[in-house]
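To keep things simple, chains are lettered A, B, C, D and E as they appear, and every chain counts its residues starting from 1.
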Amino acid sequence: MIWMLDFLILVIVLICAISAIMAKDLLSSAMLLGTFSFLVCMLWALMGAVDVALIEAVVGAGISTALFIGTIYQTSRKAYRQKVGIKIFPLIAVVLTGCAFIYGTIDMPDWGDPESPASVHVSPRYIEKTVEETATPNAVTSVLADYRSYDTFGETVVIFTAGIVCIVLLRRSDDKKV
Amino acid sequence: MIRRFKNVVIETVCRLMTPFLQLFGLYVIAHGHYSPGGGFQGGCILGSSFILMAISYDIDFAKKYMSEIKATVYACLGVIIYGGIGMVCLLIGANYLDYGILHTILPVDLARARAMGILGIEIGVGITVMAVMVSIYLNLVSGGRHVEEKVE
Amino acid sequence: MIVLEHAAILVVVIPLLVSFFNVIIGLWKKNLCYPMTVLTLGFCLILTVNIIVSVIEIGTFSYRLGGWTPPWGIEYVIDHLNAYIAIIVSFISFIFAIYSRKSIEKEISSEKIPYFYTLYLLLAAGLLGITLTGDLFNIFVFLEITSLSAYALIAIGDENAPLASFNYLIMGTIGACFYLLGVGYLYISTGSLNIADLAGLLPGLYHSKTIIAAFGFFIVGIAVKIAFFPFHIWLPDAYTHAPSAVSAFVASTMTKVGAYVMIRIMYTVFEPRFSTDILPITAILGWIAAAAIIFGSILALAQKDIKRILSYIIIAEVGYIVMGVSIANKSGFTGAVLHIMNDALMMACLFSVAGAIIYRTGSRDIYTFGGLGRKMPFTMAALFVSAVSIAGLPPTAGFFSKWYLLLGTIYEKKWIFAGSLIFSSLVNAVIFFRILEIVYFKKHPQTGLIKEVPMSMLIPILITAGGILITGFYSGDIISSIIRFAVPREF
Amino acid sequence: MDIVGSYKPLLAISVSLIAALFIFFSGEKSRNLREVWTILAAVIKFTIVASMVHDVIDGKILEYTLASIEPGLSIQFRVDAFGLMFALIASFLWIITSFYSIGYMRTLNENAQTRYFVCFAIALSAAMGVAFSSNMFTTFLFYEIITICTYPLVAHKETPEAMQGARKYLAYLLGTSVGFQLIAMIITYSISGTTDFSSNGIFTELRSQVSNTFLTIVFFLYMAGVAKAAIMPFHAWLPAAMVAPTPVSALLHAVAVVKAGVFVALRIVLYVFGIDILSELGLGMVLTCFASFTILAASIIALRQNNLKARLAYSTVSQLSYIILGASLLSPSAITGSILHIALHAFGKITLFFTAGAIYVATHKTNISELNGIGKQMPFTMTAFTLGALSMIGIPPMGGFLSKWYIILGSIEADLIPVIILLAGSALLNAAYFLPIVYAAFFNEPQDHHNNKGGKGNINEAPALMVVPLLLTAMGTLVLFFTPSTFLHLAIKVATLVTGN
Amino acid sequence: MDFIITKYHYWFYVSLMMVGLYAMIVKKNFVKKLVGMNIFQTSIILFFVSSATKIHATIPIIQETEGIINPAHYMNPLPHVLMLTAIVVMVSSFGVALALLIMIYKKYKTLDEDEILDIMRNKQ
């Protein structure tokens, strides 16, 4: 893959993220978030994670933005009392956390190393056996829905839960109590 | 509902796009074995088609096709399909979600049986995801009101 | 017998399936949801009982989902520890399914009741899933099920609940993200997600910085989830404003399951020597736990809203458990695991009593409880029992777990820790005897028409109180038959 | 010394627990039934306990294990001479007290009588538990139960000062026991792996492993832990607890509770540490000093009390320290004396408290200054009071004399002559704060406003249900002087056992 | 230099995480908190997915119909699967959070933490 492009997109993603945080107008920050998701989805497409890219395109850039905007219209659009100053103590905390992250990355296998443990320990079997065991060339699908289908079940339940939660929290009734 | 604006272009374009969107969603679900996609992606696409309706027209229009109750029922239905397939495997005598066992009741070999199982649960996932996405959206933008009314 | 051989998975799947059906049935007949929920959870209780029986008979066993051999597939690994936790969770959830009926009818609007029970089942199933699974990512998924349903259940409380629930959501998401990061770091450097597999792979990599960071993330993430000091800020509000039944259930199970995950990661995924020698996290945890205990007790002393008092006590109790775990010797660990059960019972009893009081008087201020001792004798007897237990006095269960915790600290010559334990039990004694004094010896004008709570609430209260009284005497058997095997070999 | 399994200890403990249930469910409506239960339980308990005397004197040891937590850590009962002694007194006096308290409660028709009787029964079971427990763990269990279930009794009047007293009571007892005794016990367990009492001390065999300073610290932790023994500076709860109804003060704060404290203290001194270690470390001497100081100080404070019950309370404090003193001398006769004193002081002091209650019921007087001429008004009561007082002072032919005699013998054995002087002095002090009451009661002319009921010289006794018991106990003090055989046997048995000669 | 070339992705992800975390902790406006949450989770997902990449490999859809399959030719599918799950979890919690926001707004008519605290203080 073209690492220049990769790099470029990463930079833009970072810019989008920061400006989405900084934006005064919530609507614009929602739009920036959508852009962010879209760029990230491109990034994944570049990394060859087409399924993830697809769902990010639909969910991240599409639906969640729609939900976001809908909510903003329900509530208020302005971010009141937007502090321009940067709080020092949380910043330090965050930076320390970041240092921990980076510290963790030092011993990591190189980016895209075909010999990394992740690539050699468990996953090869999925690629080798998927066709003969599940007759499904798309390894992601076979892993998703067969090898680790219980995770997917749990995940579907999560979605279901979210739906129920929204109903419970939001659905009005003729009752007095809500 | 956000803001009701009559705009012929948007309405027409959406009216035209919606069937194709839904068709594409079904394709993504069904063709997940051979190409990127699967239950989640397809379900989200289906859901977004309804959301598109709701945006371009208004919520009532979308509710004509996917009312809240219907969405709720579909949501349950999807997960029940998923869990049900698992239970079927369990009842036939294999472990939970072990589709391989399905070849005893389906006229296919073991690998195909697994593919079938995968297809089944993808469908289940698709239904649930679609329904939940729609229901979340409807609940959010309508603030949970059953009957539609202007916000501002 | 098909049910028994698949018990491990059915425990989790049946509540899920029933919860799906609950919604549809709720649209048709609202009244069916309650009995269905109770029956399901009762069935789960039976299943967990025979799970633990079979564990005691044949030892650890595993269940392969989808028939795939681990590490490629997901497996459920049931050993003594998580069978023990599972039985606690299913018991408490069953109890409060019974309890919830009346209090919920009073607290939320009628057409939401089916959804309430759906979420309740989802929560229970999620907790059981976390408990039984043998796969790190699967834990994350079920953690999310649990959290989402918990957010909702908390948010349907009084009018400040949504705010509390939102803060909880933010904190909870941070916790979950840290946990996920931990999983990611482990995955990147080992390529596996299965706990047993990781336990085999990791010892070679103990000095890799990635692994150390991953461990840190795990601990932080779980610490947020179990409201371990100083990540406790979300807890008091959330538990105070939730509906009574919910706060009782959530308070007595979620933190305990989180503590279980912590134990799993510290002593199963990693070997004990990692957290004691290579990365001396246990020392730090111990000190923070001592701080948590003292802090929680003092703040509890300062409150006058009973649910808030209990919430701060939970923070202290979490400190107990973490301290016991971090002492990293046999009796400390035993004490911690024993205290998971006792604390679940005590919190269940206390919160349900609080719920009963709120149900009758509508007030959470302890200074308005005067004269309740005459009006609601049985409830108040339960309050008395659990108060004695939480103060760590014999012959109640709380004494025995505290005994083991103290023993552990003293074996390690950690006098400060022992001091903090003693201190908090004395403070708890002050708190609760203050309440009991009001309840029994103070008169209050407006307690005229207050009477004992209905049976469906009273019975769970009495069962938990009885449990507190009895389990203490059987701690010996519990330890010798279950906990002894859960203690890591190195201790 | 053969050990036989037997259910009797468990029965003796559980009988009043079961009775408590019955009492609770009988409730205020059927009060007669309720009190029948109390009496019944008391009698049964006493018979069970008495039935064990024979075996124990034959040298048997009855044992019953309730629950075993871990090897070396179990809830176990074992009836030896020492425990039986305590159990005998407590259960016997409970019979008398229950009659007395029925009379007291009904005459003053107090509130929440059911709660009162329930807690009373539980307290007695707990006292039995302390008496019979075979290890420190079990002892602590029941020790705490006593504390918790006597708290409602102290706060019984539900007035602010009652609450205040109860808070103080709870603070002292819980704070010390959880703060010191529990820690000390856990340390003991973590070193020796057991908490079972053994006649030559737990620490004796692993004397080499533990340093002296460490042992000393543990010893003081233990001693600070038994605040029920009311050794100064942990005595303040006892006067505060006098807000309780008089029967409570009588049985619990003259017999069950405080004696439980002393009992545990003796257990620790004799069975946990053993006299060898104590004498080797000179800890006995330290304890002696504490005890002597308490004796004198408490007596002097008692002199200055005008409230009768307060004076009795302080006299209790000083008398309890006699027992500690006797044990701390670590010589056979002294130990015999202190164990005897548990019994004899119990009889004497309960009589005094009974009379105080009787006076209060009959004339609603609580202060000594008002007692002029009360002897003419209630002769029986005051006679009993006199006997009790004499026994306290320790004048033959009263029971109190015996124990003091043995203690003096012991102090000669331990050649601590100062102790004899101390005892003599405290006897004088006792006389100084008891005899004036007797004198005033019999020989002073009553002020006018006293004889409210009827004319001068009328007999105006408390109801018979109260007078008879106090006469009985007063007789007891006399009888015990002439036939102390049972108690003496038991006490000597213990002494020989722990001292080994 | 080589170190940087091979690791800079990770550092971008880390900086994204820090941005998100900072927003979640510091921002007073709840919507901004949610934006931060979204960014934080996305960065973690990026992290996972990047662990699946192999240089000179293609998407994990098997072309060979017969013959031996070389795993090095295909991306590692497992992280993709996990991240599908994670994304769905993310959007679910996002939806729940939005629902909570609407409830909060209905009660307080604002989504700013300080203002809500003021309101609560004034109530007492």
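Definition applied: a residue touches a chain if its C-beta (ideal position, glycine included) is under 8 Å from a C-beta of that chain, and two chains touch if they have at least 3 such contacts.
Bear in mind the structure is a predicted one, so any value in this text is a computation, not a measurement.
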item: Chain-contact steps, minimal, separating chain B from chain A; value: 1
item: Mutual neighbours - chains that touch chain A and chain C alike; value: B, E
item: Chains touching both chain B and chain D, listed by label; value: C
item: Of all other chains, the one whose Cα centre sits farthest from chain B; value: D
item: Identity of the most central chain, Cα criterion; value: C
item: Top chain pair, ranked by number of contacting C-beta pairs; value: A-E
item: Chain A and chain D, separation of their C-alpha mean positions in angstrom; value: 73
item: Chain B and chain C, separation of their C-alpha mean positions in angstrom; value: 35
item: Chain centre separation (chain A, chain E; CA means) in Å; value: 4
item: CA centroid of chain C to CA centroid of chain E, Å; value: 28
item: Shared interface positions of chain C, touching two or more other chains; value: 16, 20, 23, 65-66, 137, 141, 144, 148, 151-152, 155, 162, 181, 187-188
item: Touching two or more other chains - residue numbers and ranges from chain D; value: none
item: Where chain A touches two or more other chains at once, by residue number; value: 50-51, 55, 59, 63, 67, 71, 74, 101, 105, 108, 116, 118-120, 122-123, 126, 131, 137-138, 140, 144, 146, 148-152, 154-155, 157-162, 164-167, 169-171
item: Touch relationships between chains, expressed as pairs; value: A-B, A-C, A-E, B-C, B-E, C-D, C-E
item: Touch list for chain C against partner chain A, complex; value: 16, 20, 23, 65-66, 68, 71-74, 108-112, 115-116, 118-119, 122, 129, 135, 137-138, 141-142, 144-145, 148-149, 151-152, 155-156, 162, 181, 185, 187-193, 201, 208-214, 216-217
item: Chain E partner contacts - residues on chain B that touch it in the complex; value: 34-36, 40, 129, 136, 139-140, 143
item: Interfacial residue positions of chain E with respect to chain B in the complex; value: 59, 61, 84, 88, 95, 98-99, 102, 106
item: Of all residues in chain A, those that touch chain B in their complex; value: 50-51, 53-55, 58-59, 62-63, 66-67, 69-71, 73-74, 131-138, 140-142, 144-146, 149-150, 152-153, 156-157, 159-160, 162-164, 166-167, 169-172
item: In the complex, chain B residues that touch chain A; value: 2-3, 28, 32-41, 44-45, 47-48, 51, 55, 68, 71-72, 75-76, 78-79, 82-83, 86, 96-97, 99, 111-112, 114-115, 117-118, 121-122, 124-125, 128-129, 131-133, 135-137, 139-141, 143-146, 151
